[in-house]
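The structure under discussion is supplied below as structure tokens; questions concerning it will follow.
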Amino acid sequence: MQKLKEETQKMVRHIKSYQIIRRSLMSCAFQYTVIFFILGAICSVILSSFSFAKPYAIWLFAFTHLASIIFTIEYLLRILAAPANYPNQKAYKARFRYLFSFYGLVDFVAILPFLMIYLLWDTEVVHLIILPYIFIVFKLIRYSKSFRLIGHVLHEVRDELITAYTACGILVCFSAILMYYIERSAQPEAFSNIGDGLWWSIVSFTTVGYGDIYPITPLGRILSSFISLVGIAMIALPTGIISSAFMTAMQRKNKK
Amino acid sequence: MQKLKEETQKMVRHIKSYQIIRRSLMSCAFQYTVIFFILGAICSVILSSFSFAKPYAIWLFAFTHLASIIFTIEYLLRILAAPANYPNQKAYKARFRYLFSFYGLVDFVAILPFLMIYLLWDTEVVHLIILPYIFIVFKLIRYSKSFRLIGHVLHEVRDELITAYTACGILVCFSAILMYYIERSAQPEAFSNIGDGLWWSIVSFTTVGYGDIYPITPLGRILSSFISLVGIAMIALPTGIISSAFMTAMQRKNKK
Amino acid sequence: MQKLKEETQKMVRHIKSYQIIRRSLMSCAFQYTVIFFILGAICSVILSSFSFAKPYAIWLFAFTHLASIIFTIEYLLRILAAPANYPNQKAYKARFRYLFSFYGLVDFVAILPFLMIYLLWDTEVVHLIILPYIFIVFKLIRYSKSFRLIGHVLHEVRDELITAYTACGILVCFSAILMYYIERSAQPEAFSNIGDGLWWSIVSFTTVGYGDIYPITPLGRILSSFISLVGIAMIALPTGIISSAFMTAMQRKNKK
Amino acid sequence: MQKLKEETQKMVRHIKSYQIIRRSLMSCAFQYTVIFFILGAICSVILSSFSFAKPYAIWLFAFTHLASIIFTIEYLLRILAAPANYPNQKAYKARFRYLFSFYGLVDFVAILPFLMIYLLWDTEVVHLIILPYIFIVFKLIRYSKSFRLIGHVLHEVRDELITAYTACGILVCFSAILMYYIERSAQPEAFSNIGDGLWWSIVSFTTVGYGDIYPITPLGRILSSFISLVGIAMIALPTGIISSAFMTAMQRKNKK
């Protein structure tokens, strides 16, 4: 009697599409279909912004529409199949857990614009709400295997990275305020407020250097030179932290 | 008799606010209040530079004023509590030591503008002396735990970093003077003196590249290319030094 | 009888120029001749683009022509000698294998423009087909010994590098689309489509920062600052991966 | 008799200023005098290029003149003292060895402009020959202790660095020629020859990005994006090589 019940539960789970999404050939086809529609939806969002694609705008919109339907089906299936991922928890708890997990939220945001068109019944808002489409790119994370290693390494050196960024932040603030007081009389247009100073500071610190804003007074140039040279060592900090964490992780892996 | 004296001294120490600042719940509240006012003061200094914040300037000034009062109280409390930090030294020596320590100087400079307003009795100088407010950001260093690890690692490779920076300095000087003699006839405006050469040299070497000054003669471009390619290896030097020091520090930590 | 046949085969192999290309003094002379003509051909392609070299264009063309003849002879000799490189395979199979190997394809593409001139019997097309000459530079890879070590290290961390680049790709796409929607109303010229957004995104992410396109709205600047700061850690990822792989490879070498 | 001769030789060596330059208090004073004049001479060369220093030009020139006299005396003393550095070799051989060593050549070039003024008897040439003054900066290398460690590490990974730079060189050439053929019709001014292509290629590859030359065609931008992304890994190569060599060198040092 007990055994029969267990068997039935197992069968029900089968039906609840767990094995459809996870292991069978059908699940594989399902995965590749989703990946195809993710990449396709990103491409159509990008293409639809080009002026030469104006005549085909309706087709691109139709494609993203189709992709949204696929993602909605995927979302519903994943909610159904959630208990299979957390076998020790009750079904409704497992579903809640999925809904508020990182992937669950990404999956939800990715179908939001599609839902809003139907709820608002207004195709004019489509341009306003195209923005959530960009969250589709995060759906790709699920399908990459090595993301976990990188995530693990970054998680391990969490504290050191936060410190390095805090140090960067303090230096950026300090140099932004200082540069604002040095340069504001010489270039009142470029350094109109400390916000401009912060922008200059970050652009210089990360060695991007667009060239839209830079010091012209001798004192400002000396400060900027000093900042840039310190910046080399600062950029070396996260690099050093991540490098050494990777080294340790790889040595551990090699020993096994 | 002896014991009683010791006990009394201990009590006096308690009163001298050591445990207020260090361990008790009150000390915790004290710390978070100070951190709140540090961040608040930085924000108001930044905000007060924006033109849209002109109408609220008086409130922002009032806030920095209040923060200064808090910092003055903190400064006085820390002077009082100094003996508790150096228990083996006499009270006045411990206080002197705090006054001339890094944190003591930062704490002093941070309240300097506030003191000057009252000593000079002139609110017009407030714009001139707002500059010392930037030292408030350094007060944050005290409250970050991992700064010590980074500081320790940087201290360990002190000599190598100094050498790397000396090597950078020699190369920067060399290329600045050389570039000045190559480019001054072609662009007398841009390369008006070796100071411009040094500016170009540092901006190129750190790969910032604002684009305000760059070689246009074939010879200057060849020199610049060479400098940039050597620069890759030069930037690799501090990175390599810091990375390997971090690695060693982390391996030592893992063994424990 | 059997022995005689073997000996004959060996001699034939000798004649089939294996030892000419591989070990003897003649092979050495052959190698340096080819390297000389590779470097010479690259130099003449570069020189022929300068306006001051117009009068000597015919000589430069003649040199690249001569180099092409040398490369054609080399190509034919290598096809003949191919069986010596794969001694366990049949002669025609070894030749096919060479033809479709990386080096075989490079060798073929490098002589393509030369062949096309004679097949098309038209010297006017020479400017159109000069492009394949750039594949000549890849012929240099064969003659560098340490390329194998670098190639080996990069191959070992293949998966991690792909992940790092995938993460970069996702972030680049995300920020490109987001920046396009933020900036398109403020600068419709600069951000005319998401292609411009992608261009800005990659230029910022790699810290090149040409300065032809950059955010001007406050929101765009905040996003850009965030992207750049994350970019530091992202650039640290490949650096860390490659550094640690090199470390392991060098430790292994030192133990031997 | 034999002993007396040895003693005399020893005394002569003393007189030949070996111990003056090496160990005694006098040698220390000598060293700091030379360092003072090196730094002073560099400063006066830099200062004399500024327009505000025109009235003091004669004093700056006099100072560099004085420095040159000091350097000449130092050069002669070092020639005299050379045998003490190579005790196993004959005196004239040791002197020749010094003359053609790195330091000997630097010392010679640093006094060249000074000698030329007296040999040519013409103060007008002083502006032309001021250039060799820049070699004075290299005289500083002798007085830095840790340069040897960095030099040793760089020497150890000589082969790998050459390979990394060769790989960079091949990629730079390849992309320069390709970009020239892509962009020359769109911007005939900016990409007038492959020399401009090489300039763009190096500026992009090292992530300096001045912004004086950049692709504007879609194809050029795609190529440039690809180049920049590969550039991240390429810059990681020297960084990785140097980092791991430093790590090994420091581990070896720690074991001792």
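Per-chain numbering from 1; labels A, B, C and D assigned in written order.
As a convention for this text, a contact is a pair of C-beta atoms (placed from the backbone, for glycine too) under 8 Å apart; a residue touches a chain by one contact, two chains touch by 3 or more.
From a predicted model like this one, the values you see are computed outputs, not experimental measurements.
Taking the mean Cα position of each chain as its centre, B sits at the greatest distance from chain C. Centre to centre, using the average C-alpha position, chain A and chain C are separated by 32 Å. Centroids of chain A and chain D (each the mean of its C-alpha atoms) stand 46 Å apart.
Among the residues of chain A, those in touch with two or more other chains are 195, 198, 207-211, 235, 239, 241, 243-245, 247.
The touch graph of these protein chains is complete, with an edge between every pair of chains.
Chain D contributes residues 42, 45-46, 49-51, 130-131, 133-134, 137-138, 140-141, 144-147, 149-150, 154, 161, 165, 168, 195, 198-199, 202-203, 206-212, 235, 238-239, 241-247, 250-251, 254 to its touches with chain B in the complex.
Contact residues of chain D toward chain A in the complex are 207-211, 239, 243.
Residues of chain C that touch chain A in their complex: 159-160, 162-164, 166-167, 170, 173-174, 176-178, 180-181, 192-195, 198, 204, 207-211, 214, 218, 221, 225, 228-229, 231-233, 235-237, 239-241, 243-245, 247-248.
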